[in-house]
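So that we are looking at the same thing, I have put the structure below in structure tokens.
By letter and in written order, the chains are A, B and C; residue numbering begins at 1 in each of them.
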Amino acid sequence: MSLLEVENLTKRFGGVTAVDGCSLSVEAGSITGLIGPNGSGKTTVFNLVTGFIPRDAGEVRFKSKSISGLGPDRIYGLGIGRTFQLARIFPRLTTLENMLVPIRRVGLRGLMARGQWNDEKAKAMDMLEFMEISHVAGLLGGSLSYGQRKLLELAAVMMARPQLVLLDEPAGGINPVLLERIADHIRQLNAQGATFLLVEHNMGFVMNLCNDVVVLHRGQAIARGAPAEVRANPAVLEAYLGA
Amino acid sequence: MRRMSRTGAIKAGALVAGLALALVLPFVAPDPATTNIAVFTVMYVGLATAWNIMGGYTGYISLGHAAFFGFGAYALGLLLSHFGIAAGFQPFFFVPVAGILTAVIAVAIGWIALRTRAATFVIVTIACMFMLQLLAENLVGLTGGGAGLSFPVPRWSGDFFNIPYYFAMLALALVGLALSWWIRGSKFGLGLLAIRDDEDKALAVGVPTRAFKLTAFVISAVLVGMIGAVYGYYVTYIYPQFVIDPLVGISMVLMVFLGGMGTLWGPVLGAVILEPAQLWLAYNFGASRLYLVFYAAVFLVVILLLPRGIIPSVMELLRRRRQHRAEGPTGRASDTHETPRAVPRGAAP
Amino acid sequence: MTLVLEAVLLGILTGGVYALMASGLTLIFGVMRIINVGHGALVVLGAYLSFAIVSSLHIDPILSLVVTMPAMFALGVALQIVFIRPLKTDREALSVLVTYALALGIEGLLGYIFTSNYVQLRAWYETASFPVFGFRIAYVYVFGFGLCLAILAAMFWMLYRTSFGGAIRATMLNRTAAQLIGVNVDRVSALAFGVGVATAAAGGVIFGITNSFNPGSHYDLISRLLTIIVLGGLGSLRGAVIGAMIMLITTDVTAVLISPLWASFAFFVILIAVLIVRPQGLYGIKVRDRA
């Protein structure tokens, strides 16, 4: 049984049906790619799964339990993290503070206590070092370069050890050298137990990194399989070239 | 004993000195006119600090906080008359009860107002304030309506009269500051600041934004309510339009802006600068309407010249100087060359 | 029953004035995303300007609009350039304070010049009325309503039929995108603010004919206007008009059915009820602050 199950998900915006009875699943331990031509509904699926927009129909199940209709904060608490298409961090907080914001469990003592910061700070610095940006821990998020922001965003999301991470265009606007680093980080985190679902246009990135690929077209999943299979699938080619 | 850095020692010293000064002030300058100014100044220190917990930390600007100020005053006044409490020191012990009552109404108002995003929130708070004013004016049986509500008047000598009120206000201001400091250094406070920067992103990393915003709002409102209660007792007679007064609400906002939104000491600085100035202006120009023009001018100058407030502007200046010295001639941050600041800014006020 | 009918009719007629004033306010919000808390004071300023003109020239108050509307338009543009445009960071919050300061300044100045005595704009047809369904409606209300309708129609025409209006709407929908297609958003903002203030002047005249006012009247006005645009949805002109109608009809009917004291309260209750169900107001769009 899959880690994430999306069943018949539908979302309409006025006259446009962005997601149209979309069904897909993500296996635990995988790095799954979600690809498709522009306008196929990929980011909308992300927004639906993570609770940012309400669905019109369908179900989303995480670890066999329904999460449809929950708010984004509850969903993060259940173990699903996400990054955004244009990397979002908190500009007026320092890099380290950015790492300390994520909340997995809301407990009164944990929230009000000042003492047990140190454990969390140590964990945060470890993660920053893993991403190789620990040297900017004291800088304000707003003064980081775009590449640093992307790394910080991923590092912060990982702070609460989510089991499933949705990455929205992790390769967007990134130079090839940094891209390789990001791919490595994802592989390492995957080896440590995190499952990834990533939306991407950079085919090279997807083919190299993902072991499972889902193709979306006009709001529906039209193909599924290993990268090589999907690349050769005529329906997929039709969607990209015909669309 | 924990080893203190030099700046830490200076800060602690200044804190102790300031506290000592605040404690002996009414005895050093016992003239009632001066202590009256002191009462109002400390009152605004408390109000500004309280408002900052919501407006400064979360970025949700409430222009209706005067509602809680007035509500607290009415709450105390009604409690005192209902239980027949005599004047003196006893009423002060009912101030926390007025605070609890304010909490109830703050939850109600906050729950509705926080359903909306920042721009609408401002207006809804204003609307709630006018609603409360209407209620105060119209529920004549309860509040006395336009005729006002009286408080028991203590039979203290003219020289002594202001002093208990001063200390009551001071106590509330210190409680407010302590709360503000504690919140800032906690995960809750970090969540509030995150909400201010990017509310949706905060949601995405698990911050329960509605609960956090409501909590900050209620804490802020309760403090303001208690301060309002002491104010009511101080002036001994309250009227709806003077105790639920938009000018009070806007003053506390301006003070926080002047000092620095979201900082710990900004509200204090703003209050200490603006309240005496406000009282002076009112005293000298209050009769003619020109008082408002001057006030407006001060207002505009502050906002246009120091949009970020005094403390953040000063901190920015210092930080840039430090960065300049650390970077040398290139002057730009980069992946590998940036010299980090030794201490993460995390918990420092 | 006739009392209620009269109240409804009166509500519609006076709703026109508030619709006019509120549409200026919501336009300003839509274009610049700022809450002009000084709009009430600008209305009062317009009323006093007309008052001064009428007192010295003894003309019909509505004629004074020929002078006051252009003058206030220019004032609006100037205010936007001097006080609003320099605000770069924290725009929404700071603009509230700035416009509030302007309101206070205007109140102080008017109080100094005109004192705090209540005045009213006098028109020859003030007391004339005509019979409807067994009660009488004063001509002033009808004229006022007609004028408001005319100006609102002109505003809608400008917005939907001229290229300037198109530029305004583009800026309202997406400031950055508007800039990218060549709209000078700074200029549009200043001019839009001017339009908003000019409509305030017009509203001020009608308001001044039908109500007595003094410099402090702007508090009550702005609280009503703000609640109207929240009810209607910030930035929606249609919402401003409908919201104004709902507000005035509700308050007038409540005043008749229950008591005048609770009239405004009834409106606030409606506002709260709407916000609970639809936080974005009747015609507002549910906006996530960022994509």
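The rule is short, and it goes like this: contacts are C-beta pairs under 8 Å (C-beta built on N, C-alpha and C of every residue); 3 or more make two chains touch, one makes a residue touch a chain.
Being a predicted model, the structure only gives us computed values, none of them experimental.
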Quick check on the contact network: minimum steps from chain B to chain C?
1
Most remote chain, CA-based centroid, reference being chain A
C
If you average the CA atoms of chain B and of chain C, how many Å lie between those two points?
32
Using mean CA coordinates as chain centres, what's the chain A-chain C distance in Å?
46
For chain A paired with chain B, centre-to-centre distance based on mean C-alpha positions, whole Å
40
Could you list the positions in chain B whose residues touch two or more of the other chains?
198, 200
Interface hub residues of chain A, defined as touching at least two other chains:
52, 88
Chain C: positions in contact with at least two other chains:
288, 290
Chain A partner contacts - residues on chain B that touch it in the complex:
182, 185-188, 190-191, 193-194, 196-198, 200-209, 211, 333-336, 338, 340-347
Using the touch rule from the top, collect the residues of chain C that touch chain B in their complex.
29, 33, 35, 37, 83, 86-90, 92-94, 96-98, 100-105, 107-112, 116, 215, 219, 223, 226-227, 229-230, 234, 261-262, 264-265, 268, 271-272, 275-276, 279-281, 287-290
Which residues of chain A touch chain B in their complex?
50, 52, 71-73, 76-77, 81-82, 84, 88-94, 96-97, 100-104, 106, 110-114, 117, 121, 135-139, 143-145, 147-148, 156-157, 159-160
Complex contacts: residues of chain B adjacent to chain C:
59, 61, 63, 112, 115-120, 122-124, 126-127, 130-131, 134-135, 137-138, 198-200, 246, 250, 253-254, 257, 261, 288-297, 299-300, 303-304, 307-308
